[in-house]
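Following this line, the structures themselves.
What follows is chain A paired twice: with chain B in the first complex and chain C in the second.
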Partner chain A sequence: MTFAMIRRGLVYILLSLAAFVSIFPFYWMVVGATNTSAEIIKGKSSLGDALWLNATAFFTQVDAVRIFWNSGVIAVVATVLTLAVSSLAGYGFEMFRSRIRERLFGFLLLLLSIPFAAMMVPLFVMFSQAKLVNTFTAVILPTVASIFIIFYFRQATKAFPRELRDAAKIDGLKEWQIFLYVYLPVMRSTYAAATIIVFMANWNNYLWPLVVLQTAENKTITLILSGLTAAYTPDYGMILFGTVLATLPTLFIFFLLQRRFVEGMLGAVK
Partner chain B sequence: MAQARLDRKEQITGWVFIAPALVLLGLFMIYPIVWSLWMSFQVGKGMNLSFGGFANILRLTKDAVFLRALGNTFTFFIFQVPIMIVLALLFAVALNDSTLKFRGFFRTAIFLPCATSLIAYSTVFKSMFAIDGVVNQTLMELHLISAPISWLGDPFWAKVLIIMAITWRWTGYNMIFYLAALQNIDRSIYEAARIDGVPAWARFRYLTIPMLKPVILFTTVISTIGTLQLFDEVYNFSAGTGGPSDSTLTLSLYIYNLTFKFMPSFGYSATVSWVIVVLVGILSFLQFMVARDRRTS
Partner chain C sequence: MNRIASRRGRVLGLALAGVSFLSVAAASAGEISVWVWDKAFNGDTMREAGAIYSADHPDVTFNVDDTASQDDIRAKLQTQLLAGSTEGLPDIVLIQDDVAQKYLQSFPGAFEPLSDSIDMSLFAQYKVAAATLDGKSYSVPFDSGVTGLFYRSDYLQEAGFTADDLKDITWDRLIEIGTEVKAKIGKPLLDLDLNDTGVIRMMMQSAGEWYFNADGSLHITDNAALKKALETYAKFYQNDLVKPVSGWAEYTGAFTSGEVAVVPVGVWITATIKANADQSGKWGVAPIPRLDMEGAVNASNQGGSSWFVLSSSDNKEETIDFLKTVWAGNDDFYQDILIKRGAVGSLLSARNGEAFKASDEFFGGAPVWQDFSTWLSQVPSVDYGTFTAEVDAAVQAQLPSIIEGGDIDAALQAISDQAQQQMQ
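This part shows the complex of A and B:
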């Protein structure tokens, strides 16, 4: 009994330590936004009074409305398109099985292991030939058909009751109506989980936007923050203020959809 | 698969549902991949490329910077992926215990780092690990170190910092996969083993691990791919240089530099990118083999 209690105690210590390490950088980020750069790199970890200073510095250096608008438009459009295209494909692969499509699906899974770096150069040349460099279209288009999300939707569709589809067919619904009015509402949790994954991936996407977005007024907040950090003596107070702003949307979505996310993941792994 | 064969109409419907994805994948993935494979055999600067056969592969073997980047990438992979997978597994098993208090809090806390962008968290880490920063101060107060560590300036510690940072960001992400899989395991198997007097570590080793094997394999492969492509963090930590003295230069960062920073040599950078593809292929294959071996023994 005592052994079990010691083990239990160790588990709590381990988890508390992990939780502390996980949360501390968030605390640091918020506190940092209220301190001056000099205080931050000297390790001051209590609230300061430089919030106004940091905010002013940030808003004078960064055209914040414009930059956040860019990030928002890219992330929202990319998420909507990705969910539409990938869930259609996941549904199609699972509901209408045929030998050719099974092979094709296996081939797509193989492609999943090819890193983005291997496509980056040709993609860049393609978009420069199409004169689309420095446009949101160029940022969004290559991300829309995501093999990972197609795979995710296909896995989740395995749990979708086929009887629902059969019943809807008997009621005379067309295939697209079944998808829209039966499948979509039933799979809410899956869509919620996918929304978190895809929105975050696009909001935070770095390498490809870095390559295609070239003028300051078209850049995303992620690119701008990285640029500020790369300065010879970065103004950490101002940057951490910007980092808090940039993290708020993803944190918001995270907490809004967290429960559904775990449900959705459960469905996918089953 | 007890289902009726699809009729002609359903065959066509199947293609219609996957058509948009296929068109996009063909255009923005398969076509660029084939093109880049072709490019990797081309030599020259800018768009003036000519067929060079194996010239680029030969150049790889003599390119000290490439070998450095390859070594660094491999170091990150060897240390980071096992540490993270073990931690994630440990947390998942601990959190799977339904009698544990504050489960929801612990789960959310450990998963929270996934909500940050790679750039945001690497900036936060950079400020925390400054020479007089909060981490060095704490370590000195705890008498774990006697002099501040130059996390960003020392080639060894810069690598350690990158490994710690990536582990912080991704452990919770992997943990969620294990938690989900654990919840699908039939509880009665554990009960039976417990009643038979099987100790906890043996239940973990001979019940949990084998049952989680498919998920562990999946996350290991995904993490391998991610680590071999490592770019955002090292770019941000080192302001794009891969420094100090190339100690954090990764293959992806080298490809970026070859393509967009130096005199662009598209052919050679495509060759380097195929090195990553080959590495991912070999490592995934090995991981599948290891997983299979354990099953038969």
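This part shows the complex of A and C:
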């Protein structure tokens, strides 16, 4: 046996381990959704026949249509707005030179290090004065100017061929037209990746919606799931069924954009 | 390019349409809103109380929100009270007794004193004491966490013990019994989770002590009850009587599947135990053992919560009247929630009702509810203070070394030091 083969074998073992570690929780979740609470506690890790039971329990206890609608509206609107605002900012930071540009950008990056918990109370005071507590607007607005996404778009814009912008200018396009008709199509892959990141962050957002959404009919699926786990005798099968449901939209977006992601890359080369 | 532009226009249109859907649901007048954290237990109980009140007062309706966990409720309440914004807060909120003082002291004026309008002597006094600050009581006590020693009567019988052998004993005696049971039938005495200080706290409270002095300062290094409790805890492990578990599911799983002989725990566990109908007749409940020291009694508490009225409530008058009429005056209601939900309330007069006197075949025909309510009236009052969670964390940090036979005095010193740091 050669050294290379041993090395290859080791790599495979390591990768299999890593794959197992990342896939197992997912497997456990799916399997759990088909078992009863008692079976889950006993550690049963094969498919069971309680899927229907868990589904019925979930839909009886949770107003699923309403809750998923809430989560969906918040995540979609927040993603669209975040991409619009933050990509414009990233574009602007890279395209326009100014004396304070780098200092301003550095200041923004510095803000990234402030934990959200520290901003929560002042933020709540602001929204309460604006009479926006318990609205989707209150959940969405603070996420729209995402410093991380601005940074991400600025980095990506560095790779945007400036000649394209110059050529468009000569053709007589205005700045907003360049952004919409030249920059946007070229940067499709960046938008696709950013969509995955932003959608996931908003779909899974927990702390701020928890604090600012007050009535049951406005809550998102993350909040509802957290509430279900806290019962004195939690129905784990039902909770895992809900968790599976809650994972589906993110999975869907991911697989949908994974394809676009590649398409976008090809488009950029053309 | 036109096609792209129109598609983009549509997306923007959709986004705007989405935003315009955003609505504010305002609480209507005459609606009492309540935050609770368990649908089947405190949620349904409160809904039932609401239905009773609404029957006599048709203009008052109830909105019981049970979609948040207890931690979630705390996070929301804390943020809002810190922000000084009471918008959207409920009229009534359920708070666990051991954090009540923290809220009362941290947010003066946020909660409505109730002792002026409701006679607090009707309730178990240790529950009232937990929510009393400067001579005023701020809560209507709900479920009691009065403790009992749940045991597998079939296991103990097999090992040669009767129900009387478990009555009014000390923890040391329980360890002797446990050692014999283990030798004869091979089952460990109890299951313990090193991340849960429940048993230590109930031992301490049975001697009328807690982590704090009357002035709120730490009462650790000179706390004889805590020292004894930690020694007892260590003895469980040193005599090999423990099935170690981790997390709630494993904890309940161990005793509901017959792996241990006894469970010292709050009365609220009854529903979990009785959920296993095949074990009917194989369980019994004895008074909780006491620490072998002066002042210790065979009664204690674990958990339990109470109803608090927020001062910001728009329906204060109706809310207090509701609590007074149903929660502080309707014995029949307490019979009902005992039968349906297994909720042992804290209203002392309720124990004279039929449901409390009934015997339970699951527990070998013993009048368990009567027993629990007798012990309820004997639970020593302690001051839970504002930093119980912090000291708990410090105790947990020392447990691994304590069960290995580490020096208890050194551990107490370490607990005191860590807690002191956290409290600053």
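What we mean here is this: the second predicted complex is superposed on the first by the 257 of 270 C-alpha atoms of A that agree within 3 Å, B and C clash if a C-alpha of one lies under 4 Å from a C-alpha of the other, contacts with A are read in each partner's own complex, and residues count from 1 in each chain.
Basically, contacts are C-beta pairs under 8 Å (C-beta built on N, C-alpha and C of every residue); 3 or more make two chains touch, one makes a residue touch a chain.
Given the structure is predicted, the values throughout are model-derived calculations rather than measurements.
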Overlaying the two complexes on chain A, which is it for chain B and chain C: clash or fit?
clash
Which partner, chain B or chain C, is in contact with more residues of chain A?
B
Applying the touch criterion given at the start, work out whether A:125 contacts chain B, chain C, both or neither, answering first, second, both or neither.
both
Which partner does A:48 contact after superposing on A: first (chain B), second (chain C), both, neither?
neither
Mind working out whether A:236 is in touch with chain B, chain C, both or neither, as first, second, both or neither?
both
After superposition on the shared chain, which partner residues are touched by A:226: those of chain B (first), chain C (second), both, or neither?
both
Looking at the overlay, does A:76 come into contact with chain B only (first), chain C only (second), both, or neither?
second
Of the partners chain B and chain C, which touch A:207 in the superposed model: first, second, both, neither?
both
Contacts of A:185 with chain B and chain C, given as first, second, both or neither
second
Where does chain C run into chain B after the fit on chain A, at 132-140, 168-176, 240-248 or 312-320?
240-248
Intersection of chain A residues contacting chain B with those contacting chain C?
40-42, 120-122, 124-125, 207, 211, 226, 229-230, 234, 236
In the complex, chain C touches chain A at residues 1, 4-5, 8, 11-12, 15, 18-19, 21-25, 37-41, 65-72, 75-76, 79-80, 82-85, 87-89, 248-250, 252-253, 257, 268, 271-272, 275
Would you tell me which residues of chain B are touching chain A in their complex?
1, 3, 6, 10-11, 13-18, 20-22, 24-25, 28-33, 35-36, 39, 47, 87, 90-91, 94-95, 97, 100, 105-106, 108-110, 112-128, 130-137, 168, 172, 176-177, 179-181, 183-184, 200, 215, 221, 225, 228-229, 231-232, 235-236, 239-240, 251-252, 255-256, 259-260, 266, 269-270, 272-274, 276-277, 280-281, 284
Which part of chain A faces chain B closely enough to touch in the complex?
7, 11, 14-15, 18-19, 21-23, 25-26, 28-29, 32, 40-45, 84-86, 88-89, 91-93, 95-98, 101, 104, 108, 111-126, 141-142, 144-145, 147, 150, 162, 175, 179, 200, 203-204, 206-207, 211, 222, 225-226, 229-230, 234, 236, 239-240, 243, 246-247, 250-251, 254, 258, 262, 265-266, 268-270
Which stretch or stretches of chain A touch chain C in the complex?
40-42, 61, 73, 76-77, 80-81, 120-122, 124-125, 128, 131, 133-137, 140, 180-181, 185, 207, 210-211, 214-219, 223-224, 226-227, 229-234, 236
